[in-house]
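Chain nomenclature is as follows: A, B and C, assigned in order of appearance, with residue numbering initiated at 1 for each chain independently.
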Amino acid sequence: MNRRRSPADRPSRLRRWWLVLLLAGTCGGLSACSHPTPDRHTLTFWAMGNEGEAVAQLIPGFEHAHPDIHVTLQQLPWKEAHQKLLTAYAGDTTPDIAQLGNTWIAELAALHALRPLQPYVAHSRVVQPDDYFTGIWATNRIDGILYGIPWYVDTRLLFYRKDLLKAAGFDVPPRSWAEWSRQMAALKARDTPGHFPILLPTNEFEQLLSLALQQDAPLLRDGGRYGNFESPGFKRALAFYVGIFRQREAPLLSNTEVANPWLEVGRGVYAFYLSGPWNIGEFRRRLPAAQQGDWSTAPLPGPDGPGAGIASGSSLVIFRRSRHQAQAWQLIEYLSLPAVQRKFYELVGDMPPRRSSWQGGTLRSDPDVQAFREQLERVRPTPAVPEWERIVTGMQLVAARAAHGELTVDQAAAEIDRRADAILAKRRWMLDHHRGPQP
Amino acid sequence: MNRQRAAWLFLAPALLVLGVFFILPVIAALGLSLTDYDLYALADIHNLRFVGLHNYWALLHRPLFWSALGNTFYFVAVGVPLSIAASLVAALLLNSPLARIRPFFRTVLFAPVVTTVVAVAVIWRYLFNTRYGLVNYGLAEIGIHPIDWLGDPHWAMPTIIAFAVWKNFGYNMIIIMAGLQAIPPDLYEAARIDGASAPRQFWHITLPLLRPTMMLVVILTVAGYFQLFAEPYVMTEGGPLQSTVSVLYLMYQDGFKWWNLGTASAVAFMLFLIIFAVTTLLLRLARRGEHPAGKRT
Amino acid sequence: MNPRLAKVLINGSLSALAAAALLPLLWMLSVSFMAPGEASALPPPLLPAHATLHNYRELFAHAGMGRYLLNSLLISSAITALALASNLMAGYAFAKLRFAGRERLFQALIGALVIPAQVAMLPLFLLLKTIGLVNSYAGVIVPGMATIFGIYLVRQYARGVPDELLEAARIDGASELRIFGQIVLPLLKPIMVTLAIFTFLAAWNDFMWPLIVLTGQEHYTLPLALASLARDHVQDSELMMAGSVVTVLPVLLLFLALQRYYLQGLLLGSVKG
């Protein structure tokens, strides 16, 4: 019978028990312990994917120059970045400074999440607006207000196997869609089973979007109130894109299943790969030295000759809730220095957005970069509406169904418009009631 | 009375937590589902509109909701019977007096249950890789062409079902084993004396006496399988062609990817209603078929 | 049927099933020791040519796996301790203390079991946002501090505590708290262990809620870190397998050590009372 314990050990047992209760009662305060009280100058910096890994090597230089500032870097996977940013906004946990895909600026600006940067730029000796490529700088201004400083520029174009193309009878990469189709058909004809002329992951929207931006028609109409995907221009792009799959020139694979695109291109599984500049670094790192002469880059072919591409890339932004905005700006300035940008390029292959950064180092001489430089002259921005990311995600879902043969091109275009119009419903209501997307 | 007060004191922490962090949010979700709460409203609450049942109405007209519902029902309708069949077979084998090293087998068969879904889903993603996966390699050895398991909209869900069966069958196996052990051995003894064969014994003794256990297992599994989420999140991200988007995945996407909290709450409530309806129906069926003396819940 | 043949058949089938259950896990272990890129080859290798710890070093040195492991441990332990305390008290009260509305309240709780937890998640996020718990350990821990299932489990078990024992203590003038602490708790030890493993495993393996409420990776648990790695490092299968090993191994070991209690709880929890 343990109900008759010696009185002496009761208190200690009870105390232990009360401790548990106390813990249960005070755990609400736990958040206080888990958030380290912000140091005087600890900057939280969110960067994505390869950029996040590369910028980690630039930060010591910044911290050395600014001993009073400590930078905590967080690396987000690209696929999750957009969602993480919105969640951080919804949960009031935005960082001080972040890398932001420039198509997302409109969205976060509409949410009032970003700090306008014009006042800083006006007094800056580092960030000189005139030095930046005009088209890229423009994507950072929403309704006349500057929200981001371009960090690097990016456009999608062709990586290709020179030797495979030569073996198929072509000495130069395609310049127009017609040439491109001929080359893919020729590659297909001499194909081994399981090999394809081109890799276009069906869950990436950038490829179709690049083709669509080569058309004259805008993607949204009436001031971003409705989708414009049933325009003849978009349908032409969609038909070309879908045709590649229908002719089995590209596999119906999403990028979750392509384990290692660089090695696969190296093995000749794909002769073309439509992707971005960071792959220059990946190809150099992942392919053996003997194969380095086999691949190159080419501007994206257009409907009738060299075509446009997306003006994408990332900007650096400061969040409105940040309590270290002045320090965040110092980090932006540091990362905007031409010398730092060149180093960044060497680390990850991302191209600098300002002209002075291009005047030196390997950027001037690297042949694989020239295709990008050429195409950067022809980049076009995407519509600056907050809903764009959702619209373009929906576009790709429908396009993938068309690629699988579930929808015709006309049906797909109509479906994309239907989805876009539904997504834009709230925007229309806000515009009609003069609320504007700016709250 | 002191004891009454003590009781409430003992209940207080748990009831407080459940009340504030579960019951209250559930009620709030119902309210939320009647609004168009979205990012704009999150930025400025004046952009919030009360929309009545519009979210539910719009859901019923949204093809993706129906396909998510279809995918979820597919997962439940195929996955539950397969899971339970696997559990039953494993339990019968383990329960056989002829089985050796039973504790070892029991532990091994149960091991997948305690593993982390995300981690093992990652393993399966590689095992079922079209090009380098072991599964296709093994099939090629016996002359079957490679199957694009997670990339073909027709195969992605079956692959996820196979994964779920592998991951979960151990759980029900343990419950069914307990049910088997509760069957009095003299029933089998008597049947053997009557000359009944093993299949007949199974059919006329084991199955009827196992019925309450099986019903329980079915209902628990059905309710659990309706909440499909982590598997498609890790293995396919809802693809290909959204063929593995489940209702819960849709809720997550609407709510936490695009921040349409109103629509997402409506999806969550629809899911709740469906689970409730299906399990109630199953309970009814179970009771109707039960012996009058059968145990009621 | 020939008994010897039956024996071979039964044990053969069991072995086949066991192989199916174990092979993916063994393959994971094997690949985690392979050099980068080794697993993506034809024919797919079963064993590493030269076993290496490279992937593990990479995970802990560069991918912050140590931090995530600690986060997982911290969050799971906190949830376990707190949920254990509140569930034990509530379960005991439902089983042994008499108060007005007891049965009705308990029935209501059991009824609430049919509501999927996900229904509460959206408003819960907004609630935690207003009290500033989004992206904190507390944000994951707080909603898990009590579970209906846990209360039910404890109640089922505590009903076996003899009333005479409690009455005798009351006659001796012991307070209810002391009765609970000194008489009831020692008797509930087996169910405490069971509930503790259950809660710990569930918290460790939980995915959806942490995914929602933890916005910054400094608080990530292992499953979140792994899912996140899987999105940007699809190509590094060897690294991913090492990550899976780190995630799965602790819970597997815990289960192996305490499996008796776990299986007991599983049965107690699913046999309807």
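For the reader, a short list of remarks on this structure follows.
Here is the rule we go by: a residue touches a chain if its C-beta (ideal position, glycine included) is under 8 Å from a C-beta of that chain, and two chains touch if they have at least 3 such contacts.
Just so you know, these numbers come straight off a predicted model, no measurement behind them.
Chain pair with the most C-beta contact pairs: B-C. Across the assembly, the mean Cα position most removed from that of subunit B is the one of A. For this pair, subunit A with subunit C, the centres built from the Cα atoms lie 36 Å apart. Taking each chain's centre as the mean of its C-alpha atoms, subunit B lies 17 Å from subunit C.
Shared contact sites, meaning residues of subunit B that touch two or more other chains, fall at 13, 125, 131-132, 256.
The set of subunit C residues touching two or more other chains comprises 40, 85-86, 125, 142, 145, 177, 212, 237.
With touch defined as above, residues shared between interfaces to two or more other chains in subunit A number as follows: 21, 24, 79, 87, 90, 256, 259. Residues 13, 36, 38-40, 42-44, 46-47, 49, 125, 129-132, 148, 150-153, 236-237, 239-242, 256-259 of subunit B are the ones that touch subunit A when the two sit in their complex.
Every residue of subunit A that touches subunit C in the complex is listed here, in rising order: 2-5, 10, 13-14, 17, 20-21, 23-24, 27-28, 30-31, 34-35, 44, 49, 72, 74-80, 84, 87-88, 90-93, 95, 255-256, 258-263. Of all residues in subunit A, those touching subunit B in their complex are 21, 24-25, 79, 83, 86-87, 89-90, 107, 110-113, 194, 202-203, 252-254, 256-257, 259, 386, 390, 397, 400-401, 404, 406, 426, 429-430, 435, 437, 439.
Contact residues on subunit B toward subunit C in their complex (touch as defined above): 2-4, 6-11, 13-15, 17-18, 20-26, 28-29, 32, 89-90, 93-94, 96, 98-100, 105, 107-112, 114-120, 122-127, 131-134, 137, 166, 170-171, 174-175, 178, 198, 216-217, 220, 223, 226-227, 229-230, 233-234, 248, 251-252, 255-256, 261, 264-265, 268-269, 271-272, 275-276, 279, 295, 297. If you check the complex, the residues on subunit C that touch subunit A are 37, 40, 78, 81-82, 85-86, 125, 128-129, 131-139, 141-142, 145, 165, 168-169, 172, 174, 177-178, 181-183, 186, 212-213, 215-219, 228-229, 231-232, 234-235, 237.
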